[in-house]
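Following: one structure in structure tokens, then a few remarks.
Chain IDs A, B, C and D follow the sequence of writing; residue 1 opens each chain.
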Amino acid sequence: MAHKNRIGNLFSLTSFGESHGPAIGGVIDGMPAGVTIDMEQLQHEMARRRPGQGGVTSSRSEPDEVEILSGVMDGVTLGTPIGFIIRNRDQRSEDYDHLKDVYRPSHADYTYQAKYGIRDHRGGGRASARETAARVVAGALAKQVLSQLGITITASQVSQVSQVSQVSQVSPENSPSKLEGGGGSMTHPSQYHDNTNDTPSQGDTYGGVVACVIKGVPAGIGEPAFGKLSAQLAEAIMSIPAAKGFEIGLGFDFVNHRGSEVLDKWVIKDGKISTMTNFSGGIQGGISNGNDITFNVAFKPVATLMQPVEGIDNQGNAVTIEPRGRHDACVVPRAIPVVEAMAAIVILDNMLINRASRL
Amino acid sequence: MAHKNRIGNLFSLTSFGESHGPAIGGVIDGMPAGVTIDMEQLQHEMARRRPGQGGVTSSRSEPDEVEILSGVMDGVTLGTPIGFIIRNRDQRSEDYDHLKDVYRPSHADYTYQAKYGIRDHRGGGRASARETAARVVAGALAKQVLSQLGITITASQVSQVSQVSQVSQVSPENSPSKLEGGGGSMTHPSQYHDNTNDTPSQGDTYGGVVACVIKGVPAGIGEPAFGKLSAQLAEAIMSIPAAKGFEIGLGFDFVNHRGSEVLDKWVIKDGKISTMTNFSGGIQGGISNGNDITFNVAFKPVATLMQPVEGIDNQGNAVTIEPRGRHDACVVPRAIPVVEAMAAIVILDNMLINRASRL
Amino acid sequence: MAHKNRIGNLFSLTSFGESHGPAIGGVIDGMPAGVTIDMEQLQHEMARRRPGQGGVTSSRSEPDEVEILSGVMDGVTLGTPIGFIIRNRDQRSEDYDHLKDVYRPSHADYTYQAKYGIRDHRGGGRASARETAARVVAGALAKQVLSQLGITITASQVSQVSQVSQVSQVSPENSPSKLEGGGGSMTHPSQYHDNTNDTPSQGDTYGGVVACVIKGVPAGIGEPAFGKLSAQLAEAIMSIPAAKGFEIGLGFDFVNHRGSEVLDKWVIKDGKISTMTNFSGGIQGGISNGNDITFNVAFKPVATLMQPVEGIDNQGNAVTIEPRGRHDACVVPRAIPVVEAMAAIVILDNMLINRASRL
Amino acid sequence: MAHKNRIGNLFSLTSFGESHGPAIGGVIDGMPAGVTIDMEQLQHEMARRRPGQGGVTSSRSEPDEVEILSGVMDGVTLGTPIGFIIRNRDQRSEDYDHLKDVYRPSHADYTYQAKYGIRDHRGGGRASARETAARVVAGALAKQVLSQLGITITASQVSQVSQVSQVSQVSPENSPSKLEGGGGSMTHPSQYHDNTNDTPSQGDTYGGVVACVIKGVPAGIGEPAFGKLSAQLAEAIMSIPAAKGFEIGLGFDFVNHRGSEVLDKWVIKDGKISTMTNFSGGIQGGISNGNDITFNVAFKPVATLMQPVEGIDNQGNAVTIEPRGRHDACVVPRAIPVVEAMAAIVILDNMLINRASRL
């Protein structure tokens, strides 16, 4: 569950920070006590999120050093809240003076102004993707706990066209659960353009799809009705900047199949009940069934082009906005660790909540 | 925000009920005081959700009479919680005796058993789509409030292939915001099968896509970071039984376009800032921009076939399950009022929350 | 944690109902699965709350039959939400017609009107003590779970003056933890009037103090900072109608002692760390220490007198209100099971939350 | 509503920090946009909380400089979350090495250890009163908003015995609402020792009562059932370290009076409905009635004496703990701004929530 700037229930993150304020950060509440934190691993996750992933670079180069301020003593969690900050260092706020009274197209400039009557125009303010750094901190800690519970989360950009074609012929042999690494449960076969190796032409940008596979979640995780694991994942993932679509298992491709084609038939694997296929994406009735949990996320093209675009000022006048600095042409490579982080927060929260399911 | 069997914050629904228990129902907390309730309209919404929509019928015929137990006096809301129940009358629970120790494929039988160590096997228990009746009650009341605020919510099944083709050529003239009625912001052009007029053959089932358009939401609704309106809608919608995908605006189709093609350019309409196109689906940075909010939902085919299917019993033995009674071949027609209900709950909740945005 | 008409987090009650509407009731969410419910015990708790306790009677005689609508099958909890209703049968709503536009002194008539612009004037509406019946239902179920965990909750009216005097001489031998039954941790020695055996004279009313002892809570229950067990108990208890004071352990009497007099010295009991005295009331730093949790609650005199009182109408005119029907002269006997219920809800919720404290 | 380290709903504080970690701090979510922050006033509130108030000094001298990291631009709130930190500078952590495996009497050492299996033993860790600095930050901002709404909050130590005596003779002329400054709604007349001018003798400590008066809250604030304003205040106040009792209006003293003596009779003041007396403390049925809201809080004596005390180590051996450093002999002077802060958080949150009461 999320509310404003907080997500999660027993394990929660409350985050803060504008792109060009002094710092971003957050409070992680509900981290179980007694967990040894691997700070190197945490900084590794931060590095995955930084600009310049996948050969596509942005102008801002933050060291993104996470300073943990509480909740950890001698590297071990205390069970108390973990406060942390990441200083904003490479700000160049003056780069944004020309945007003070201007609303860029397809940005949150106008919507924040409409909501609050005021906004921080520098680098997108609170709406900047910079806030995702706080998500990665919480996600990295969640992952470390999940790892001890035998759960791993791996996201990757959908790109391998050949595998995608296989999926479109739905059958037990090449069902989504068989496709790992290259595509997870890729479900929009004919439609996706393989843009992994594209380079931005003429300052243009593009989006992409991220597939995520969560392994090791036991059967029984998630809640009935509104607290379905699929719903919680949808909320968490769709709260990532630029996320515009979410699907679980076969997702939208379910529409192209009859019920008889996409039932997940039962099988006994290693003495345990499992399914032959995994069209459901590991969740039935909102509760995990023990299979891999698989979902896809669609990200729109980055709205900041490196070419002149037309904006509007707060008086309603058209304004041409010249590109400044450098920006990512595609958000997807950097979004991958964020997708994993959000999934990790949801899964850990639900693993903890589930401890109360039975007496 | 949702947690277990509750959704919403200032305006919330907490629901209860198994398909074959004495009743289902819920508590609507936070209904603003002083609203005159139109009970006829409410029952009309209930009728839209009942089996037998669109010529496709199910065996169960519930009158679905809503009994309001509190929070309303002389037809006007008191501001206090509205408790309500709907009796389960046409139950035929003995129809389900053969499922007591059997897990049907792609149902929640096994996952509930794994979670709780016990389950109500009759008609799907808590996982039955019957629980959506409570959603429609809350949604109907929310809609009546929203209507006074000038907001309407209309969902419909995606079917008009001709319009769909138009959308695939993205341009200002035929952008999603122009497509209403037949398809909302239809975004998966090549892929959807028009199954509206299909009849179930050989006891098989199918799914479908529902498009939803919300008109009249002012700019500024939704919260930053985790409380994005798009994220809250995703959670609410994906909590509907059988929902497997959610996309907002162009959604997954964003992937097929360059940034320069899908920026929503500004325009002054009726003296107000608006956009020429609406690829964003009315939400930027998680906050409404005043345009129509448009999203699509994918529903999987109904998992209960009217033909023999293979299940497994709790000892791991394969079991053939013969069809009994009659069931919907497609959930989509009945899902439409549920989609509208969940959207209404989210929008009203956020309209109320937004009252606190400024001093 | 509470919000509007809901209390609790993992184990929660959302209640509804006006005194003279069709029914009151609620939804209990988070009841652990697999618990056998003793309905007789539940009805016994309901009987304890009914008018006519302690020889002091009120006019209304409700059978208070609890109808459980979901979440229980064959007497065993399913883990799904438990919806329940209690019909309002003996209503005599016309008795209240004269109060439609009148605000009684020290009642919630005016405050509800001021908040909502409308109110149900019949029998106090939502502000009636009748809503506590829903609390007792949830509390009775919570108690049944707690009982299996070795936890008991006993409230009683403070009355034995002799014991009270002892407490005022604080010493290990007669510290609060030694006083059970008659007074728990009675802490306002000189001040309380023993009104247990009083009879209402001239239609007047009186209040009283309820002491509560919770036995068997293990050390470690409660949360840091804002979620202190003492704070959660205070909130839950102070939400009971007519509750005006709450104190834990020595409470207000701490003020009369030096620190050196009221430290709870350590001792090893049965091989476990414990304390010789229990001035702290079983909670230190907001977290249980394994000792009895003891607290007191002050209830104000019933505001409905059986003698004429002066009210005011909504035009500002003084109005004399003649007594009608019969009412309790003292709320305390009926409040006892409500105090126990609220304590049970808080303790069970925290027992469940605590399962997530460590990996 | 509170949960773990968070309090509040629309306006909330999530805090973090151990006494001897790098910093304490928090996130204030839901601060309305467009409020000009007076940082000087904020630091003034911090200074009121620092050791050394009222001539009684503690050894630790922190400058308590609040660094605001987000949510404010050019001194004006943005509506986005306000992250802040206060560095811990004057730590002397080695002073606490002798307490690593020792549980002090009436401290939270043992309870934290029992809960988490680990604890920060330095200066009380998370259980230290140092965490209240974060409360004062949020409270100071809430007060600045409330001030614009015409609401003021004033707490003070109960001490003027003469006024106290007056109160014990309850009558309209000297009812609680008449007593300001010196005692608010002082309600335990005979029992309180006036210790304002006491000096600690022989390293001993003492507690005290704080009375708080909130002026300017309009009628209609607070929620029904569990969200009563009195309940929310009780929770917030009882979450302050060392708070052991809470009472509203006449509180425990209600017990000493008949109903006919303590009805708050109506009167028209300045054309508005008001009451002649204020025994209710400004709240009826959990909702404000427009009068002053008055409550008292009891604080226990500081548990850290400046004389040797007996502790126990984690092996069960008795240990004598010698006093080190200097500590406050009475927590009450420093608690006053914390009481005000917690009250301010609750009142602002409820003022915002109430905006949704009516359409």
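As a working rule, a contact is a pair of C-beta atoms (placed from the backbone, for glycine too) under 8 Å apart; a residue touches a chain by one contact, two chains touch by 3 or more.
If you're wondering where the values come from, they're calculated on a predicted model, not measured in any experiment.
Colleague: Higher C-beta contact count, C-D or B-D?
Modeller: C-D
Colleague: For subunit B, which other chain has the most distant CA centre?
Modeller: Most distant chain from subunit B: D.
Colleague: In whole angstrom, what separates the CA-based centres of subunit C and subunit D?
Modeller: 24
Colleague: Centroid from C-alpha atoms only, then distance subunit A to subunit D, rounded to Å. What do you get?
Modeller: 39
Colleague: Per the centroid of Cα atoms for each chain, what is the distance between subunit B and subunit D, given in Å?
Modeller: 45
Colleague: Which subunit B residues reach two or more other chains?
Modeller: If we look for residues of subunit B contacting two or more partner chains, we find 4-6, 9, 15, 30, 33-34, 79-81, 115-117, 126, 224-225, 357-358.
Colleague: Which of the residues in subunit B end up touching subunit A in this complex?
Modeller: The touching residues are 1-7, 9, 13, 15, 103, 105-108, 110-112, 114-117, 126-127, 131, 188, 190-193, 195, 204-209, 218-228, 230-239, 241, 243-260, 262-266, 268, 273, 275, 279-281, 283-290, 298-303, 305, 307, 309-312, 316, 318, 354, 357-358.
Colleague: State the interface residues of subunit C toward subunit B in the complex, per the touch definition above.
Modeller: 4-6, 12, 14-18, 21-27, 29-30, 33-34, 67-71, 73, 76-83, 85, 115-120, 125-126
Colleague: For the complex, give me every residue of subunit C touching subunit A.
Modeller: Touching subunit A: residues 9-11, 30, 32-35, 79-81, 145, 148, 224-225, 352-353, 355-359 of subunit C.
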